[in-house]
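Pasting the structures here.
Here come two complexes built around chain A, the first alongside chain B, the second alongside chain C.
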Partner chain A sequence: MSDNIAGGGGAAAAQTSGSSRRSAPPKQVGALSRQRRKLYWPFVAPALVVYLTLFFGPALTGIWISFQSWRGSGDQMRFVGTRNYVRLWNDTAFMTAFGNSLKILVVCGVAIFVLAFVISAVLREMKFRKGLQALLFLPYIISPIAIGVGLGLLLDPNGLVNTGLRGVGLSSLAKPWLSPDRLFATILVGIVWVTAGFYVMLLMASADRIPGYFYEDSELAGANKFQQWWYVTLPLSWDVVAISAVLWVINSLKIFEFVYAFTGTTDAPPEQARTVPIYQFVMTMGGRNPAYQMGYGSAMGVAMVVLIVVLVVLIRRVMHREAVTF
Partner chain B sequence: MSKFLVRTARSLVWLWAAFNVFLFAWIAFTSLKSSREVFDAPLKLPASPQWANYESAWSVSQMGEGFINSLVIVAAASVTTIALSAPAAYMLSRRDMRSAGPLTTFFAVGMGIPLQAAIIPIFVLMQNVSLIFSDTFGWWDDRISLYVIYVAMSLPFSIFLLTGFFRTLPPEMEEAAALDGAGGLRIFATIMLPLAQPGLITALILTVVSLWNETLLALMLIVENDKYTLPQALLGLYQTMQYTSNWGGLFAGVVIVVLPIIIVYIWLGSRIIEGMTVGADK
Partner chain C sequence: MKVFRQRRVFRAVAVAMLVTAPLAACGGKGAATEAGGELTYWSMWKQGEDQQKVLQAAIDQFTKTTKIKVNVQWSGRDVLKTVAARLNTGNPPDLTDQDGGAIAGNLAKVNGVMGLGDLYSATIDGESKKVGDVIPAGLLNTYKTSGGEPYIVPYEVVGSTIWYNAGADNGLAAKPPGTWDEFIAWLDAQKAKGRTPLALDGDIKFYDAYWTTWSIIRHGGPGLLNKAAQDKTGATFDDPAFLAAAKDIEKLIKGGYIVKDFNGTKWPAQQNNWAAGKTPTDILLMGTWAPSETGPQAAPGFEYRSFPFPSVAGGKGNGAADAGVIGFAIPAKAKHAAEAKKFIQFFMNKDRLAGISSEAKNLTPRADVAAPAALADYQKEFLAAGSNFFLPGDNASAVAPQWVSNVWEQANADFFNGKLDAAGFVKRLKDETVKLYENG
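Up next is the complex of A and B:
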């Protein structure tokens, strides 16, 4: 999951990029500015070229490929119009994967944000809060493959969890956690466990900026912990909550490794447990005999971007509020 | 009621943290157990530590090669990323040119594009690059493909982070140096870069951590066993497990993957946390 680190703060970009421009420079600084202008392109161009040719350009090309029938290099591209998209719509396997991705987005999303709110509210005043916070966050930066292997043994039919449950006389609760039908539910819980710490951290960072006298004041007014959170913490960290929601949309939809790791000994997770990125992998380069359906796979990529854009715009609309300054 | 809720929530935090500690300790102990102990005594300490598990994971299962591959690719890609983003971010933060604002946004857009949208063209592109090089020079290494793509996909966040950082640096020192007659290049190299060092280190660590765990691109671009990155090697080991049942060896592999990140986290954890919250925490 930590490849998502790169998504950290993405949402804030549009906001910060426009702000904090210094006022017009005084005269002697004009020389400095002129100096910098000369170096502007030599400094910016290398990064721009790499980003354009190896990331942004390919993403654009993906849109083009999504309207083709194509099996990759060496194969003649054939324009098929929107056929790949129609096929997505009618493909029950894709719809299952799409539904699963949405389940991660919504079910895990709700769980993660509720937990993050509750935990960040109580963590503020707990002893060892830095250490506890660091521990909750730890799984987020660990290789999802490694975590998948660890959980694989923990939840094995004869693994620690089931042995433990049987040991204390709860054998009826011992379940085949990784069976095709139950695997996805297990994955949902796993994602919450891995990810919540990151959002706790984001909320804590914003809560730390709230001056203490707000809390002292509200305490004098007789507010309990919940009221303090509702009337002080939440309104004053609303921006961060909105940004976290955007981050979650971007990060949750591209979860690949964590699901893939549970495959263990097979080529791909069972159909019931696939997400869009997994299904794209299966239909293109994944498995022992890759299907190389490049046009179809690209259409899935485009569908993801469209979903992200729609959701991000929606979140911004719904969560937009007058900024509270303090 | 409120008191009760707070107490429950606090216990939840403690339980959660305890579970995380337990899980990592359990993984470490399991990596030192014999296959029989893994299931017979899952909670006990290893009777006698089986260091041979590490030997087998490292050499027989090619985790050693994976470690070196990952180390070289991740280090090279991270350093290149910072080397490209630092000058670009410096210029973008200074806003001397009209294009600086739009370009900053353009780079930031990259953070919202999921890898899945670009991965198929990337795959085909690198296939072609590999072909062209093999035909003309008789040689190409897929690890180079992985390296360049890692750089490209790390740039948006790194530039975003560093642009924000350069913006916080006061302009006075630059101005003073310019008055003394220093050129733009010298100002950047001798004044701005040293000032920006904390930001550069944060960007570097975050890039390292995220690339160390990256698996999807590696799975797509790297075919030969001896070129596998560490997560790929671990997956390979996981897949052979069904024949060997060597859980101890597998968990030794897990530790080999996880330990470097934990060490970095203990050493530089506050930097990681600061860097990751920077976007949300203006």
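Up next is the complex of A and C:
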């Protein structure tokens, strides 16, 4: 082995001296690639093993379980074919949860991106932007459990929000925010508030890379602020916008802890506030007495993964542009 | 070649270390099984809780007298999920504890518990009584293996009852309402004084459902709701008891007796406001944990007392009491079941069990252990019921968890939010039950 390395070194030396150009390169490449090939598996194997056993294996198992009736470890699996999927289709509770997840995806998504664009455009011009940026980001790093509990206190019929509204003479706006009819709308607002800061950060980071002379140039051409954003900021940070959209799709469909902390106790959250991950939890391990329907829960998981994949592919397609280099 | 050989040696050593490390780590344990033996106990209590302290004291004493080492793990309320997972691998703990419904739903449902018939006929440590003599048989009705042996040994009794402050001017201490008509008359009198007598944390549907469950029990007797929860045809809901019960509760909901904004707050806001006197409320239908849960918020001079849910005319369940249990169970395949049984015999001794009452402020199943002051009324209610008990929620959540979370609790939420009337409530229950089982 060491002989080979020495040989390779010798060939390289020979090459630089310019003596045997023709024969040296194949020998050198051969030796190196043979070395590479030998090292390929030792290097790749550990990562591959970890990936296969910890990610790919469980995912496949999940798909397998979704065709079974199973109460979890200790129970015998029973093959039920596509029954779990048929049941998903007919289960109104699942459809409500699915609708809620989509509402979060679309309603909160639009609100978050509009907010993020506006805030990042405004922040660009402001003085203490770094500090403000950090402040906006803050809700994102605080534990969602703490936020859920905190909001519950703020939004109590006699909590800070209503007391404040009454204090400034807006009693008519003071509402029981957590009442069953309003609960989900309140949750949507909460999610926007928690998440917007993260996307502001992403968009601003990409806008910061845009050289100032583009703006100067557009200003000379007579563009107003909106036109500057439309013709300069947006096209030049498009790739980040596209990535953010993908991230949002994935994250929004996984929302669990925020809603759970907001509505939750040891009980299952009410139907009108359940997202798919919450319903999945309710049907498997959650609640006062867990239902332990692992097969059914897995079927929900598979359905969600399929939905995410379809949406991500669609978004990549729709948002694909030639990258603008600058 | 030298480098290569060295690497090979290194790799071999590394692999050998990886493989043997866990073995080496395990080596220490095997030695402990000498003298009196050992047992492993995974508990629902957490370090620092009152029950944990009482049990720990008993464990220390037990080890001292029997030389049996107890490997205890204070796991918290989710303990049975780990026990259930261990059942499969064949090395569950030898002893665990939880709420009876949880043991039934998590372990007994998959035949994961041992029948304890022999333990019930064994004598209690330091006494002449048998374990079976001190535990009312009615508590064990639903907790039996397929062979008919009880599989839980309860050391705490929990149930729901109607709480009030005997120190306040509400007339309840002098004469609590015994019948539904008296109850409504009392509510009207309080309402006339400008009060909303019922405190309720409506965001917890289980608490809304306390009222409907109790009313169904009084009208139709224990077991009816449980049966209806499992009836695929929905026909059980045609029993007139359901409509009668729903009409009674509808009166409460529409009568303006329930505290304002009860469904717009987050638990425990309403029960704390009740205890602190911050809302014009008088009574709280709640589990026996109410005094300890709301105690820290209670207004000065608050005196916890309780009275049973009022009886109804012609009701089949008028004498029944809500009595669930928290108790020990021994998982199937436990390796040291004999030692675990010995510990239970040891703990059920009157003086040791008394700690649950005196230290942890909870009711024990033994009639000869006095209840803590706040639970004295409930103990009377419990003893008066004889064996006429029902489990919290009529045990529906143990036999049909999905029905409870998707049908029962949702219907109750809409009923209490005024979206359903009495007939609509019963119809909704029936329709959704049929639909659930058609699909499930």
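FYI, the second predicted complex is superposed on the first by the 266 of 326 C-alpha atoms of A that agree within 3 Å, B and C clash if a C-alpha of one lies under 4 Å from a C-alpha of the other, contacts with A are read in each partner's own complex, and residues count from 1 in each chain.
In this text, contacts are C-beta pairs under 8 Å (C-beta built on N, C-alpha and C of every residue); 3 or more make two chains touch, one makes a residue touch a chain.
For clarity, every value in this text was computed on a predicted model and none was experimentally measured.
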Go through the superposed model and pick first if A:Arg87 touches only chain B, second if only chain C, both, or neither.
-> second
Between chain B (first) and chain C (second), which, if any, makes contact with A:Ile191: first, second, both or neither?
-> neither
Of the two partner chains, chain B (first) and chain C (second), which one does A:Val232 touch, if any: first, second, both, or neither?
-> neither
Pick one for A:Trp177: touches chain B only (first), chain C only (second), both, or neither.
-> second
With the two complexes superposed on chain A, say which partner A:Met294 touches: chain B (first), chain C (second), both, or neither.
-> first
In the overlay, answer first, second, both or neither for which of chain B and chain C A:Ile119 touches.
-> first
Which partner, chain B or chain C, is in contact with more residues of chain A?
-> B
Touching A:Asp75 in the superposition: chain B (first), chain C (second), both, neither?
-> second
Quick one: classify A:Ala273 as touching chain B (first), chain C (second), both or neither.
-> neither
Check whether A:Met285 is in contact with chain B, with chain C, with both or with neither, and answer first, second, both or neither.
-> both
Touching both chain C and chain B, counted on chain A across the two superposed complexes | 1-2, 72-73, 152-153, 265, 285
Given the complex, residues on chain C that touch chain A span 1-4, 77, 81, 84-85, 87-89, 101-102, 105-106, 109-110, 112, 203-206, 260-261, 263-267, 269, 397-398, 401-402, 404-406, 409-410, 413, 417, 435, 439-440
For chain B, which residues count as touching chain A in their complex?
-> 2, 5-6, 9-10, 12-14, 16-17, 20-21, 23-24, 26-27, 30, 38-39, 42-43, 84-85, 87-88, 90-92, 94-97, 100-101, 103-125, 127-128, 131, 148-149, 151-157, 159-161, 163-164, 167, 171, 174-175, 178-179, 183-185, 187-188, 206, 209-216, 219-220, 230-231, 234-235, 238-239, 241-242, 247, 250-251, 253-254, 257-258, 261-262, 265, 269, 272-273, 275-282
Contact residues on chain A for chain B in the complex?
-> 1-18, 20-22, 25, 28-29, 31-33, 35-40, 42-44, 46-48, 50-51, 53-59, 61-62, 65, 72-73, 118-119, 121-123, 126, 131-132, 134-139, 141-146, 149-150, 152-154, 158-160, 163, 198, 201-202, 205-206, 209, 224-226, 239-240, 243-244, 247, 250, 253-254, 256-257, 260-261, 264-265, 276-277, 280-281, 284-286, 294, 297-298, 300-302, 304-305, 308, 312
Touching chain C in the complex, chain A uses residues 1-2, 71-75, 87, 90-93, 152-153, 156-157, 176-181, 263, 265-268, 270-271, 282-283, 285, 287-293
